[in-house]
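What follows is a pair of complexes built around chain A, which joins chain B in one and chain C in the other.
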Partner chain A sequence: MHLATLLLDGANAVLILMLVALGLAIVFGLMNVINLAHGEFLMLGAYVVLAAGQAGLPFWVGLALAPPAVALVGLVAEEVLVRHTYTRLLDTILATWGLSLVLRQAAVLLYGPGSHSVVPPDLGAVTIAGSPYPVYRLVVMAISLTAIAATFALFFRTRFGLAARAVIANRAMASCLGIDTRRLDRWTFAVGAGLAGLAGAAMAPLIAVDPQAGLGWLVPAFLAILVGGLGSIAGPLVGAAGIGGLDSLTAAVASPVWAQLAVFVAAILVIRLRPTGLIARRRRES
Partner chain B sequence: MTKLTRRDVLKAGTAVAAVAAGLPMPAVRAAEPIRIGAVLPFSGGLELFGNQAKLGLDLALAEINGAGGILGRPVELLYEDNKTDPKTSVERATSLIRRDQVLAITGPITSNARDAMMPTMSRSKVPLLYATNYEGGGCDRYLFAFNTVPNQELEKLLPVMKQKAGTSFYMFGADYVWPQKMFATAKTLVEGMGGTVAGTEFTPWGVKDFAPVIRRIKESGAKVLVFALPGADGITFIKQAEDLGLMKDVTVAFLGFAETYLGAFGPGKGQNMWVTVPFAASLDNPAVHDFVQRATAAAGGPVPVSHYAYTHHTALKAVKDALEKVGKVDREALVDGLEGLSFGTSVGPISIGAKDHHVSMPMFLAKTEGEGLVVVDQLGVIAPNAGCS
Partner chain C sequence: MADGTLLEIAGLTAGYGGGMVLHGLDLTVGPGEPVALMGRNGVGKTTLLKTVMGLLRPRGGTIRLDGARIDGLPPFRIARAGIAYVPQGREVFADLTVEENLILGDLAAADAGRGYELFPALAERRREPAGRLSGGQQQQLAIARALMARPRLLLLDEPSEGVQPSVVIEMADALAAVAAAEGMAVVLVEQNVDLALRLAGRVVFMDRGRVVAEEGGDALRADPSRLDAHLVL
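After this line comes the complex of A and B, so read on.
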């Protein structure tokens, strides 16, 4: 096993998990909504690429269309369903779980229960350490890095971000200071959904696109958030690096079964020893 | 569902009226249909297999009723959705047995659902007609298996792989009972013919990145990949194996393959994967052409017609032959009739073991080529090694 490919595969897994966890973390941190439909938003993103391909559009157009399309679905879901459950954490779980079932079944009804294939754009492969490495995987990593950078810019360089962080810190106070939390909630949820859509669209050529495609992502993404720590934007990224890296490395040196075991054991240890996560938001003593 | 309830209400009403009039129920019994339950996944993940099974069952039902039913009685199929869930399977089976008084039940798809249902079936003495390929070892007076067990799929396939690709085998599959048993059988066969097992590896469900596994298989130097990862995960693996150049190094022996996979790998991908199947829609045989044509017509559009459609069709046709052989309609008669039954199907004659209740059937060697599954060789009838002690 070459170190170069080992690191490359690990980086690939980490960056993709970061992209998935980021959207989930924004919605969770900002709005206290545990979004169990996040995986299905991801699946929708993949289906947007599939639909665009079937309509004869080039792959890249589908990739560009997916985030806004899924964000729109998120916007509607927020308005119709999620906003009615904001004050009740457990109800958000139930409501978004119901939403996930509806979305999955909608995919079955529209595209059938079978798997579809999205043809990857033909970018060829570069030879790294003696074996071919598809250029498209490098592109996915670049997409992920760009999206993460853009999200940070949004939260730390814009007025929207400032208001959003104010809401994370203290929702009631932010509201008193005249921040329109309703509007903020709406857009945050849409951004979270859009990020999931982007992740799904970017992943579409690498996986089988079927109605269950989102399921495998939710658990690792939640683990990344729990391990990294709630309420910050950097936390989930650290968590994703830990979870994704450990998973990929263990799978490389042992097997995927051991990788799953290692990830869960590590997650339990972190949650036991540092219940607030690796990067905890400092809370003011009151 | 509402139809059943309404009928139940009607039936109850008729019964009350009959009792009130102080009369037995005449004439109604003569045309009483033979009810057979089908517990299959129509939601929850394995819809694809549920739909394939239904395709075959509906065809068999139309054939049987079109030819006057069984011993003059029409057959009625009662479909129940088990939601791809063992617990729901048991509930559905129980209600089919208690409420609908079914003669037998066909389905389910997964082994865990079958294992969950089996105690109920044996206790109620209702035959289960299981028509999915599985790991073997299901042995009970009330269980009949109409699809393959490991040796039927592997016995002829592995020697061909050794001859075509090489002597070094790597086995990779999902971490549950079917791949585990498959690989145990495969290991014995590989070692028996002087080959070597370069590695055996399992994966949990839902893994999205197989790059580490793919690299390990590459580095093992294996020439043949014995592959048992069903569904979307398997397609994901093959796609990534193509991207990372593994498909050039190994020839894949794809276990549990069916036509439902065709087209899912993307154009030009997933080529030259070898399988043995009890049925292939591409078989050049008028009876198969006819079967595929009718299935496609019934589905109202181009759908894959796989061995799941074929085996479920066979299971229902076997009920007719068995009951007519014995000459009466009840559950014990059905079991007695099925034991040792031989009959013709679209691909050739098959026979049900009198003791093990598994099926000896013709098998076909095929490989993926272009958009289709091309039959390479007729392997003749292969007897099952059911694993009953």
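After this line comes the complex of A and C, so read on.
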């Protein structure tokens, strides 16, 4: 495999992992909810694209529908399930784990246990550094970058984001200033779910769409957050770059088994040496 | 003194877990009226402010603002009803900038100009994280943040704590000016007698979760020794 292809595939994996980790991190940061169903939100995004295709809709319509559809599922899940477990960290893990089982079984009931494939839109290939590369994969990267930038803009350039950062810092005081923390929780959970849905939808043509599709993303996303640190919204991105980059490069050079090993060893080392994560630690020293 | 009633607390019982701190407390505050709450440590002054703000759920009794019940409402509804709160220890958002802290006081505000008018020193440090300000400036920020939304009632808990005396005076005068200009009532919990007397039209004394006495501010300013009689209970 050419080096350019290798690096581009790595960048692709990293950017998608960033999207997944970002959604997971904002939900944890704001609500202290460890969302074990986050991978299933990704899986749902892929199924929305599949369903839209089966309904005869163009791929891009399915891609556009997936984030709001999954965000809606997130909104409902927050309202009927997750909000009853706030302030009890262990219960949020159990509740969202249960939710992940329900969502996976729902996919089995509707589409069977087997895997489906989504035909990628035919965009052709471009030659990069002497080797052909599918344009669709470049589009996936552009979508991820745009979504990451939009999430940052939402959190750092809007009043909604300012309110969310205030709630993350001091929930009670934010409430005393007139901020409706319930409403903020609900919408943040929906945004997190929507990001996962977007990641799943964009990846749908590149992966096997099956009920287990989300499982492989949850652990790397958690590792990304642990490695990057929870102190800032940039932490998960740095972590995702490290975890995703190491994983895809090792997988390409050696094998996926070695990649798993390398990722876990690296994660353990980072967590051992910098327990607060790469970013949080750096911030404190400054 | 302004006529009518802004805040009316009747038979309020509240506390933490199983232990009650307030035992049937009654207090009324008129519109635009500055009241100081005094009493020894542990008599329930901070608990009272937290309960009015909705941070603690009352076990009994009622709290009315302009005649409407606010007890049992979540803090954000109470804030939107027109009550602002400056907690003990200030609780500014240390990682957010001065400007962001002010905007959080009123997310509908076009800018933070109102806060800078109140304490011009804050304008010079608008882009700095609030955690880097001195204690006195953090207190000014917390007060300015509370005033952003033009509250009808300001609950102020120990604003002089950890603040230089000269800054305390400046704060008191800025607050008194806003209160007079906008008809804002103030409930001030304060150990610092100078600050309390500088601001308050009436001083209410608490003991063991109840209001036990009150004095007019003018009478106390004329004869500060009357204060000791209430505080050495």
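One rule holds in what follows: the second predicted complex is superposed on the first by the 273 of 286 C-alpha atoms of A that agree within 3 Å, B and C clash if a C-alpha of one lies under 4 Å from a C-alpha of the other, contacts with A are read in each partner's own complex, and residues count from 1 in each chain.
Note that in this section contacts are C-beta pairs under 8 Å (C-beta built on N, C-alpha and C of every residue); 3 or more make two chains touch, one makes a residue touch a chain.
Being a predicted model, the structure only gives us computed values, none of them experimental.
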(request) Superpose on chain A as described above, then tell me if chain B and chain C fit or clash. (result) fit
(message) By residue count, which of the two partners contacts chain A more extensively, chain B or chain C?
(response) B
(message) Quick check on the superposed pair: does A:G124 touch chain B, chain C, both, or neither? Answer first, second, both or neither.
(response) neither
(message) I'd like to know which partner A:G56 touches here: chain B for first, chain C for second, both or neither.
(response) neither
(message) A:N12 in the overlay: touching chain B, chain C, both, or neither? Say first, second, both or neither.
(response) first
(message) Which partner chains sit in contact with A:M173 here, chain B, chain C, both or neither? Use first/second/both/neither.
(response) second
(message) With both complexes superposed on chain A, which partner does A:L162 reach: first (chain B), second (chain C), both or neither?
(response) second
(request) Please indicate which partner A:V108 is in contact with in the superposed arrangement: first for chain B, second for chain C, both, or neither. (result) first
(message) According to the stated criteria, A:T181 is in contact with first (chain B), second (chain C), both, or neither; which is it?
(response) second
(message) Nearest 10 degrees is fine: what angle do the Cα centroids of chain B and chain C make about that of chain A?
(response) 140
(message) Applying the document's definition of touch, where does A:A208 land relative to chain B and chain C: first, second, both, or neither?
(response) first
(message) Using only CA atoms and the superposition described at the top, report the least gap between chain B and chain C in Å.
(response) 38
(message) Which residues of chain B touch chain A once you look at their complex with the stated criterion?
(response) 43, 45, 47-48, 51, 175, 201-213, 215-216, 218-219, 231-236, 239-240, 243-245, 260-261, 263-267, 269
(message) Under the stated contact criterion, what part of chain A meets chain B in this complex?
(response) 1, 5, 9, 12-13, 16, 105, 108, 113-120, 125, 131-134, 136-137, 203, 205-208, 210, 212-213, 215-217, 219, 248, 251-252, 255-257, 260
(message) Considering only the defined contacts, which chain C positions touch chain A in the complex?
(response) 53-55, 74-76, 79-80, 84-85, 87, 91, 93-96, 100, 103-107, 145-146, 149
(message) With touch defined as at the start, can you tell me which chain A residues reach chain C in the complex?
(response) 159, 162-163, 165-166, 169-170, 172-182
